[in-house]
Every structure is written in structure tokens, then in C-alpha cells.
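Two complexes are shown next, each including chain A; its partner changes from chain B in the first to chain C in the second.
Entry: the complex of A and B
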């Protein structure tokens, strides 16, 4: 009886599954196949190039390092903001949440172009610095790793803040009070009780941020120099310039596998703590 | 293989045609798809060539964009050819012809009187336009002497400040070799490593490598760079607007742009009629007044002011100051050099 009901409920998933199969899995399998097919059928040429090409290795490393640093900055900036939001009364918190979500109403492309206007050699920031007499020559902000980080953090911050807030809101306030009653200072109570309990939400936000960063394309392209170009740019180059679609597919496959590996590590590290999988929403 | 795909394609088009027979029984209901680089150019081409062509022949023209060799490859290999004509640059033509992605053109239709110069007629592509990649600079940045050669471009002492070059080895390597003292006639075959080590000298002064025409214009007028390599046609509108920019044709790369027909194009005959139409000297002259990328249309210069001809890449004085970009060499070496280039820029 119960099993039957489950099957009926499962049927509700069918449209979503069909959509994913046609629009996501189908091209994904196509990419996987492409990385093993050359001019004369099956080949390991593209895949083995991942090891032999120094370029692929350096760019992959650069991609993961960029994703890592962006995630760390997002967490450092986002955590205090999330803490502030979690301490507000629900109505005020809802309002602040809307403000945090507001940037999503503007396309990533436009937000990225805005940085070009702000950071350029004759842009707002440089003009202000020179007017204040702080610099004599324009500072090269644009086309640097600094600009890429700024642009990416600005885009990804809400994605870190929201799960972190959700996790913090679910923390039982009584636990902190209990720590205080037992004689812990406010700082001690925060670090020993609140912080460990808030980690699951922050980790979920950080993980999503990290994975999204790996696939960034627009921001590094527009704000970065050659040294900030990452794996998506390299794939684009193989597709459009060198026409080496096999290698492009191999790079995409490598990125996918590396991402899955990160997820696996996260899962292994947290599998005994179910609240991590749900961003602190399990209760 | 290709033949069966093409037959299949023709068959399906015929079937579609049969279904829609009452609506478009006459040949003049045909619409050809011409792929170009889009943007403001697309509007100019529509007003100057496509609409008059439709008026004269009844054949409609639909423009698409952008120019993309990968897309041509995908279309021909899947047998799903959407374009009847597409713009192509020189080495695209060599590569596409080698891979059998282009149809042979019938010059008895396009140029029945044989007026076109031979260098405009490749078996699979027609020269559509010529353009130059030249040195452009901000005239307000340097007092007195202005940069006038690639050696000046490399001279960061005399001409300080950030600069930009195209994020492509094509042309850029040639400029580096010219700056290093190689004579224009000795450029090819290119000494890639020598060019790259010359580029090492100014790599630190290049904050950004441009990849589109719109981008190098933006970099110049926003003041992000003081000089850059650029396409000649992009600068004249800026000068008209009074922007402090100028170009020199000295040591520029004279490049050709072509029109080709994808293998299996649905309307080959109508497409070649359109190519013929575009060779009308009066129309071509009007077009060049707006877009300074002249083709080799015979008789076109008769309709233009001599002063204006002076500003065109193919004007005798300008052509003599430039070197002829060797598409054949690039097509043969493109993959290897692009890979080396990517490594050099990204590492």
C-alpha cells in the first residue's frame, strides 16, 4: 500500500526527469563521447593530452585556486553579514533578505560591465583617487586578478549568505544561553557553541559558491588579464579558435570529474552529520 | 557520404516545398540566408544590397551572424546546412576548402564578363572586402612625435603607457617581427619563437589583449590603452565624432575577407546571383563610403572621390606601405601556432 503511494508520488517527478534527460544528460553524454572520439573512431589522444599539456594542468590548477580564494573571501565577508541577519527579528530579516537578493535582478553581464566603468584607468575609482591626491598615475585595477575576485565575490556573496543565515536561524538560542549561564563569556559562547553549529549552513553556501566559481566564464573574460583566464575560457578557445573539439570535451570532462571529486570529499567528511547535506535545515 | 547527406537535404527541402506548394510555387518566393559579422554592418548590407536585390529578383535575403568556422563545420558535417553564403577570412577559406566544407563557385554566373581580377577569385570563395590591421593611437597622449611603426609601438621609453594587441597570433607575430627589424618581404615563413621573444619585451605593458573590433575601439576611447593594433574601418567613425585617435597604414597587414558557399547550401543558384549583384560598381562604391572595406569590384574607384580613395586600405599608397598577410601559411600552421600562442599568453 505504502510502496504503491510512493510510486505514484514518484510519477510527479517524471516531467522534471524527462527534461533533465533531454536537455542535460543527452548533451553531457555527447561531450563524454566526444572526448574519446577522433578522426578515425575511438582514441585516447584528447584525454591523454590532459596530462601531457602543461597548459591544461596550469589552467585547471588556476581554476581551482581561483574558486578556492573566491569562496574563502565570500565566507569571510558573508559570515558576519549572515550573523547580523540571523539576530534580527523575522520581519526585518525578510526585508534584508530581499536586499541581499536584489542584485539577482540584474544580469551578470551588466554587473560585470559596471565594474569596467568603475575600475577603468579613467573610471570612477581612479578619478576619485587622483582627485583626492592619493595617486598620481592611474592604478591598473582592471584586467587583474583583483578585478576578477571583486566581480566574482559580488556575484556569489548572496549565494553564501542565504544558506548561512538559514543555518544560523535554526540554532537553538537556548544553547547559547545555557553556555552563558554556565559562566562562558560571550566570545567563548560564540566560538564553542554558536560557531560549530553554524558551520553546516556556511559549508553548504561555500560548497555551492565553490562549484559555481569553477564554471565562471563572463567575469574572468571581461575583468581579467591573460593570467586570470580559467578552464571555461580554455574550452571556449578549443571550440572556437583551434577547432579541437575533442580536447575541449576532454577539458570539460576533467572539470566535471574534478567537481564530482570535490563533492565526494565533502560528502565523506560530513556523512556522519546529516545537517551538512541540508544546510542546517534538517531540524 | 556528403553526397547522400546532400541528397537527403535536398529531398527534405523538396518535401517541405511540396507541402507549402500553393504558397510559394514561384521561384521568387525563395529566401537565401547570408551569414555575416552582424552588428551595424548588417543594417548597412541590408539597405544597400539585400533590399535592392529582393526588389530586382524577388529573392528574399535573410542575414544571420556571426561568422564562425565551427558552425560551418557543424552544419556541413550534420548535413543540416542553414546558410547559402557565409563570410570567411583568408585562412578560414583554406581550412574549409581543405576539409570540403565549401562548394565550388560558378564564375560564369557571378562574373560572366570576366572583369574581376584573378586575385579576387578563389575556386571556392570570392573576395568580398579587404581590410587592414594597423597601428592606432591616441593623438592626445604624446607631445610632438607620434608613433608610426611597430618599432615605435615596442618603444616604451619614447611612447610610455599601456597598449593592446589582438589575442591572436595572426598579424600579431608579424608585427613583432617587423618591430624586430625583419623586412616585410622576409616575414614568411614566420619565426614564431623570435616573434614571441620580441613580444616578451612588451608583455608587461599589455594589460589586456583584445578579441573583438568593438573591444579595441572601447579600449582606445576609454583611455585604457594609448595604442593598439586595430581594423582600419573602426577608426574613421571615431575621427568623425572628433575623438583624438589616428591610424597609420605603415607596416599594416593587408587582409582579405571572402564570401563562400557551404557544401550542400539549399539555394546555390540564387546565392550566386546575389554574389553577382554585389559586384555592381555603383553599389559597391556607395557601400565603401559607409564601410571602408573595399573589395576588388572593377570600376568602383570611378565613383569615389580621390581624397576618399586615399583613406582606403587598397589605395596604391597605403597598399604599398603594408605587407600582404599570408593566409596560406597561416592555414598550414594555424593549429600548431595557436597552441603555442595560447601557452605563451596563458602561462
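Entry: the complex of A and C
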């Protein structure tokens, strides 16, 4: 009886599973196969190019480094904001959460173009700097690493803040009191109790941010220009310009494996820590 | 018993939360090494008093002194108070040993000494072999033992306990009560214990302060509280009691429902009600108050009878059980005997 009911409940998952199989797994397998198919059947040429081609290596390294620095900046900027939010009363926190989510109402494309308008040679920022007399010549903001980081951090910040807040809200306030009465100053109570317990939420946010950063395309392309090619640009180039679909597929496979590797490392590093088991999201 | 406890004094402490007065001119003196229990229903201000002493809340008015020195300006971490919380409040990311070590680490003690003293504290609560466990691997009783070890490890002169046994089941609670009492005797700290469980208060305390609506209603030893409750509220709250209304009175006697005419000592005022403990009523052959058994309740070591007197008053009496003797059946007629000096005259 019980088993039968479980099966009926499982049936509710079928539409979602079917959708994933057709729209996600199917093309994914296609890409995997593509990376082993050349003009004359099976080949390892595309895959081996991942480590023989200097371009591929440089771009992969750059992509990872960009994702890493963006994640670190998001965590450094997001953590204090999340702490502030976690200390608010629930009603006010909900209000601030809406504000944090507000940028999601605007398309990434529009937000990225807005940065172009703001950061351009004749843009608002340069005009203001010149008017204030801080600089004679317009500063080159666009098509720099700075612009790419600015754009990506702006988009990814909410994704880091929200799980961090959720993790912090779950921390029992009684623990901080307990630490205080046992002789910890407010600062020591923070570092020895609150901070370690907040890491699970922050790590979840950081992980999502890192994985999303690896696959970013629009923002780095528009704000970074030609000089700072990252993996998504390279894949696009292989698909649309050089028509080397095999190599494009190999690059995509590498990106997928890298993402899975990140998840695996996270899982291995946290599996014995009970506070990470829920990813800090709920208890 | 070592004499290491500090004296504690609350002087006219007043604390309001919005329109709610949690503590109203609260005065309390606790002697060195004394086990003082704050007993009262929730909202009576007992936890507020504890939080004010720990420094979690600022008092609006009045002063709190430890060993005669005001601690109003002393931050929580400098007050040197041990505390056990109802929710255990163990640090989930530290193992048992690291939890117990925490107060010593905060006092910048040498590593080897921290370890040695922490292990000693764990041995005191018989948990030395679980030193490396994480809190989530412990049972409720074990968690609370760790919390007690952590509160005692730096030998605080003041120990606060906020319903520390409230989350545990009855058997465990009773065994931990005895352990707690023994530990306190051994260490000699002054204890302020907050509970709403009157049985726990009677078992553990040197003195009990009964609180209601931010004020102390009565403060005395457990025996005095049991024998001479100051009000109907307390007489009802502590143990079971027959509370009997008082009717007409003249100079020499009062009319008590169920019991009839009771002589009044000259000079005493007419009480609001009279209390009579069920275990102080005995069955007599003839010259008692006639009543009829309505219900017989077997409770292991004793038998409780609910009887009704001729004027319709319900009276509870308790008798020790004698094996082999059948209890009275419902409908049986009995006579209730009692001594005048066992009556409790309740002024309100």
C-alpha cells in the first residue's frame, strides 16, 4: 500500500523528468558525442586540443581566474550586507530582500548596456570625473578587467547575499549570548561562533556564484571586449565563425566537467560538517 | 562545602518592555553559596531577572550587585558568570571538549591547563569518554551535562540556570536534579535557578522566591513555602491543596465550607480562605466531618480519595497505601479528621 502510494507520488515527477531528458540531457549527450566526432568518424583530435592548444589553455585559465576573483569580491562585498540583513527584524529583512532582488527584474543585457553608457568615454562617470577635475582625459573603463568585474559582481551579488543571509538567520542567537557570558567580547563571539557558523551559507552562495561565473557570456563579451576572451566567447567563436563544432563541443564538455569537479570538491570538503548538510539554507 | 560563592543583590530593579512591566521594584538578596530558585509562571519576570544579571538586557532603574559591587556598567563577558540555558546552546561546530574549553580559552589560559581542566569538568558530569563527539551526536541529557560542565569549568562564583532541565523527560530530569544539587554543593557557587516546576524548586532549593507579575510574592525555604503559603495562588501552586472558602465569622470563630465552624485565635483577622493539605486529613471512626467517597485514585505509593461533604464541598485526601488492604469504594461513608493547627489561613 505504502509502496504503491510512493509510486503514485513519484509519477508527479514524470513531466519534470521528461522535460529534463528531452531539453537538457539530450542536447548534453549530443555535445558529448560531438566532441568525439570529426570529419571521418571517431576522433580524439578535438579533446586533445584542450591541452595542446595554447589558446584553449590560456582561455580556460583566464575563465577560472575571472570566476574566482568575481566570487571573492562578491563574498567580500556581500558578507557585510548579509550580516546587516540577518540582524534586522523579519519584516524589515523581507523588505530589504526585495530591494536586493530588484535588479533581477531587469534583463542582464539591459544592465550590461547600462554599464556601457555609464563607463564609456563620454559616459556619466567620465564626465563627472572631468567636471570634478580629477582627470584631464577620459579614463578607459570599458573593455577592461575592471568593467567585467564590476558588471559581473553587480549581477551575481544577490545570488551570494541571499544564501548567506539564510545561513546567518539560522544561527541560534542564544549561542552568541552563551559565548558572551562565557567571557567572549562581542568581536570574539563573532569570530569564534557566528563567523564559522555562517560559512555554510556563504559557501553555498560562493559556489553558485563561481559556477555561474564560469559560464558567463553576455557581460564579459560586452564589457571586456576582444582582449579578454573567456571560454563562453571561445565556444561561440568556434560555433559561429570557425565552424569547428568538434572543438566547441570539447570546450563545453571541459566546462561541464570543471563545474562537476567544483561540486565534488565542495561535497568532499563539507560532508562531515553537519552545519553544511543543509547548505545553510534551512534546518 | 567550599565557600566560594558570591553574594548577589537586586536593588529596586525595574524593567519595562513597552507597556509591559517585566520587573517592578524587584529586590532580592542571595547569600554566598545559596541555591536560590525563582519560581513562577511564564511572564512573571523570572527570566528577565536572570537576563539582567547576565547582562543580556539593561535594567531601566535600580542596581544589581555581586559581592556588594555594582555590575551595571560591567559588560556581560566581564561578569564571570556561569550559565546553563534551557536550549543547551552548545556550539554545533565544536566538539564536546572544545565546547567545555571555550570559557577557559576566552580567559587566555595555557593550552595544557585548558585541556586538563576541561577533562576534569567532563569527568565531573561523567562524560569524559565522549570528549571527541560533536553535539549533534549526543542525547538531550548528555547535551545538558556538557552544558553544565561548560558552565562550571571556570569555577564561576555565580551560576545561573534558566530552566535547564525543562526540555528533558521526567526520569532524566529527576536524576539530573540530584546530580546538579551534588555538583553545586561540591563547587560552592551561588546559584540562581529559574523554573516553573514547583517539584523541582522544592527538591533543589535552599530558598525559593515565588514570582508573579514582576514581583516576589513570597520568599522562604521550601518547607516554609509548603507549610505557610502566603496566598491562595501559592497554596494552589505548590503541591496539592484543598482551598476552602470562608463564610461568616464572629470574634471567636469562622465558618469554613466543608469543615464547618473553626475557632479563630484572638487577635487574628478573618482569612480569605483556608487551606488543608490532603495528606494531613485522616479518616476517623466517629467524630469527624461526615463525607462520602466519590472517586478512588490509585497512584502507586499512595491512594487519593475525592470525597464530598454534606454541604457539597469536594475534599481531596491522600493516604499511604497498605499492601493487602483494599481501598475504599465509591459511595462509602467516611468521617474526616484534621487538626486545627494544620489549617493554613490564607489572607488573599
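Simple rule for what comes next: the second predicted complex is superposed on the first by the 275 of 283 C-alpha atoms of A that agree within 3 Å, B and C clash if a C-alpha of one lies under 4 Å from a C-alpha of the other, contacts with A are read in each partner's own complex, and residues count from 1 in each chain.
What we mean here is this: contacts are C-beta pairs under 8 Å (C-beta built on N, C-alpha and C of every residue); 3 or more make two chains touch, one makes a residue touch a chain.
Computed from a prediction, not measured in an experiment: that's the story for all the values here.
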Based on the shared chain A superposition, would you classify chain B and chain C as clashing or fitting together?
fit
Which of chain B and chain C A:188 touches, first, second, both or neither:
second
Regarding the shared-chain residue A:241, is it in contact with chain B (first), chain C (second), both, or neither?
first
May I ask you to decide whether A:43 touches chain B, chain C, both, or neither, giving the answer as first, second, both or neither?
neither
Between chain B and chain C, as viewed from the CA centre of chain A after superposition, lies an angle in degrees, nearest 10, of 160
Of the two partner chains, chain B (first) and chain C (second), which one does A:197 touch, if any: first, second, both, or neither?
second
According to the stated criteria, A:114 is in contact with first (chain B), second (chain C), both, or neither; which is it?
neither
Just chain B (first), just chain C (second), both, or neither: which does A:180 touch?
second
Check the residue A:130 against both partner chains and state whether it touches chain B (first), chain C (second), both, or neither.
neither
Minimum C-alpha distance between chain B and chain C after superposition, to be given in whole Å.
45
Touching both chain B and chain C, residues of chain A
none
If we count contacts the way the header does, which residues on chain C are in touch with chain A in the complex?
54-56, 75-77, 79-83, 85, 87, 89, 91-93, 102-103, 106-107, 134, 136, 150, 154
Chain A residues touching chain C - in the complex, by the definition given at the top
172, 174-175, 177-185, 188, 192-193, 196-197, 273-275
Note: in the complex, chain B contacts chain A through residues 68-70, 73, 162, 167-168, 207-209, 222-224, 334-335, 338-339, 342-343, 345-347
Please output the residues of chain A touching chain B within their complex, sorted ascending.
54-55, 58-59, 120-122, 140, 142-144, 225-227, 229, 234, 237, 239-245
